[in-house]
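Both complexes below contain chain A, partnered by chain B and then by chain C.
The block that comes next holds the complex of A and B.
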């Protein structure tokens, strides 16, 4: 087993998941101008919906993932309509409190419905493959491939479609976007839907290598916050690059420095990057 | 921006404080949302009319990351109390008393446990408080003697009964008893090279510290000393890869069953063919369940004996009732808590008081021997001078994919 190659792949796997979660967070930041604390809860709900669709309805993995995108996207849209939209004239602190409230609500709700037990998600992709001196399961390859495909699709959507352009316009300058006749409500709802969908995909592909439980979102969302700060709040490329930076720094740091310090490395990196570029690697608006 | 960092900090503080030392810690990812703990959970036990009511306190993780574990401990308490009340209660000093459980949520945070324990004493006047983790136990030990309340701790940390607290009862056996028999078995079966990958909780570190010299004194070699942080590592592949890089014969793992199962499975995926030495917190049957039945993963493991593999006259009824009521197998935390309620109830009758914690504590050993045969979930020989329950120990090993129990002497 080639440790370096193995760890590079491990970094790639976990970086892919981080990037997807951070992307959803960064997109919504463009609309809300606050980080959506409830994003981790959406991630968790995504994991549960996929798992429960598979186990109770007996649907195949990819169908379950699709269901999960719809459900979580729907919840995100509801969040926007029922909570954040109503608070649009309030000071930002109200949004933050509401987001934390939503986080607690969703977590408690899931625990009430499905209990606090840890569950494992089994997929058809548990074969073990070895190549170039590394050993991985097909699920891990799926994570990397799926994440890259989703990122490419998102990029094309944002760059090549009118709606995508409207999302970017909104995040760059809200008033300017209004003046151009962009329907802010529609764009906001769509952004929340995409954000929820990304969380659902990330949860669905990473749950098989992890566990599904009510607190699963906290772990990932904390890293996602770090990533969007590193990458620049609201920046799409920043979220992607930031995700991989964190993924690699964790796996390589744990190998060549010490596993005890792998988190410190990520935060030292955060401090270093912010010292040099206080706005993050990709300043906001530089889409 | 400043506000946001504040928020992030808030999340991070919760994440970090979640890693409190706890012997029976569950996964402890930064689960507990930043909220006020100590919420009273609805009354779960019914008291008998026309009797004096004795409040029994409990403070444990009922929400957040440790919720699953906390609720299991509570199930054991609730079952015992309901049974005792259904039989009409206990007769103490000529008067009938029924037990009432007052449970508070501490989300696994020791400071919350401390606040809860205070509240239980002041508001409910509880003579006994159950605390199912070592962090909360230490926090309660600071004042339980002064407040005269018996602390029934479910923690296998030897220290909690060694520091001379007069009102502490330790329910499970201490972990140090497992270290040598586990090591001997695995070294003989797989070889002398040990790689250590305990959880980064205080309990995990203490275990590792105990294990290393024992392993070396038996002629073994420790080839890797790592740890895994279940509350921060999103993926264990990285640390497992490193732990296996020196080609060990035996891998030391642990923590709560679910993430431990994950670590073990990933080690197998990475081609590890040796044995697992599992800390007393994780249970082999639970690990097997989490993995959906994976005999090839758990084969070659040694760990504590799961309750459902240790069925005898004393626990048959309990296991049956528990399965009926909750739809799953009871773990040792439920079994030990159930047993402990009976011991304390008997001790109260022996002591002739439901209030004097000192008298109850002194009569625990007598109480133990009064517990009816069919309530003796474990083979406990005594409650020793320091308040620790002495349990006859056995270990579980997995041979050819089957979990088997072995006496320590074999």
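The block that comes next holds the complex of A and C.
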């Protein structure tokens, strides 16, 4: 029973991080129909900016996280302006090639500046607490709480504010959105900023339990793609639920099958779900 | 009367295909002008060009005396041109209220205007108030058309373009939709209406243009168009 509870909590932790990364990916996909392969690189840069702000500038963890949101959000906006916006009349394959180019560029750039070493991030949240028969570090609790708060904030923003609703409107009917006075450029930049910000938060909260290195985004982004395919491309609830489904499957699979296979579970899940529902779980009328 | 919108020799191309050739027309403040033509004649392209979704290849479009050819759709909505498009282009997963609220995006800073216009829309279409929590995608065709009209009213436009609002609707609903368009016009909004249903459209119109293969072939007052043999044969069927 304790093992199960412990693993369920682990699933919640991993799932929270996956959901945040997948949300950023799905928002950008919903608006621009760009599969942003460079999203994993944004996640990686987010981890580095937080770590370096803490170690070289000596600023507190949360300030560093805030810096990271601004920097990564800014890089994402630059990506949109300098690359994707310029390619808006090109065939879709150009976006995909450009995204892979951006991924390689950012990874090499980080490696050039900070080297390829694996680094650990220490935060003030390394206390251990026990409750309901499980033992966890406060960092893991922080991950879950922060992710849920961010998701609630994002939901309120998309649902309750006109600017947020404009993002959803544009993903549901592009021309319909223009005819209501929605400015495509502004919405695109905002969406990229939010997407980058979410990646930065996800990296900043998960790095203390993982490590920071130039390739840290690879597996995360592959899994985020699996999540948004499962959840339905462009669907916000799909990304959240898909993230948690994957998180729980991995942690339970690691315990009850074998931890050697935990990374393969995402892809088995992908095959299984797409066999039954080829449109993904939440694709109903998304486009 | 005051000229609100003037098109002079406007041509539009899709790739190599010339969709519109030297279109010249005008709409005066307060009028209800109808644009008649068969499928593919170019009615939607004229509308899309006026509201900024398409760019004119040549020619001049003037809105209240200022040239607007090439402006973006989002700017033109704020300047007072509303467009209820072909195919409705609703936000299917948003509910009725959210769709209407998006319609007021261009005037979102004016909260009072928003609630007033919403009230007007609900008075014209009580069914929309009843169904305000329903997703637009699950409404019937007639209700979706009403929502599209209501959404277009939300930006409080001076000129409203209606692109084939009767398409695919039951005759009874068509009548209701045309009554509402007449009502909107009577309340002070200038209307430009594209239709294949010439009989119903001419009944409520002041004037009209007939478009064939991207060119304007006939224009005139309502009575003139009703009396015109070619128009009768081609579009009224009597």
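We take it that the second predicted complex is superposed on the first by the 276 of 287 C-alpha atoms of A that agree within 3 Å, B and C clash if a C-alpha of one lies under 4 Å from a C-alpha of the other, contacts with A are read in each partner's own complex, and residues count from 1 in each chain.
Criterion: a contact is a pair of C-beta atoms (placed from the backbone, for glycine too) under 8 Å apart; a residue touches a chain by one contact, two chains touch by 3 or more.
Since this is a predicted model, take the numbers as computed values, not measurements.
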Overlay on chain A: chain C relative to chain B, clash or fit: fit
First (chain B), second (chain C), both or neither touched by A:92: first
Partner touching more residues of chain A, whether chain B or chain C: B
Cα-centre angle that chain B and chain C span when viewed from chain A, reported as a multiple of 10 degrees: 150
Partner chain in contact with A:215 - chain B first, chain C second, else both or neither: first
Which superposed partner A:225 touches (first chain B, second chain C, both, neither): first
Which of chain B and chain C A:118 touches, first, second, both or neither: first
First, second, both or neither for A:165, with chain B first and chain C second: second
Shortest span in Å between Cα atoms of chain B and of chain C, once chain A is used as the common reference: 22
For the chain C and chain A complex, residues of the former touching the latter: 51-53, 72-75, 77-78, 82-83, 85, 88-94, 98, 101-103, 105-106, 108, 137, 151-152, 155
Partner chain A, residues of chain B touching it in the complex: 3-4, 7-8, 11-12, 14-15, 27, 29-35, 63-65, 67-68, 71, 200, 226-229, 231-235, 237-239, 241-242, 244-245, 258-259, 261-262, 266, 269-271, 290-292
Partner chain B, residues of chain A touching it in the complex: 1, 3, 6-7, 10-11, 13-14, 17-18, 34-35, 37, 92-93, 96, 100, 103-104, 107-108, 111, 115-118, 120, 122, 128, 135, 137, 140, 206, 209-211, 213-216, 218-223, 225, 250-251, 254-255, 259-260, 262-263
Interface residues, chain A side, partner chain C - complex: 162, 165-166, 168-169, 172-173, 175-184, 285-286
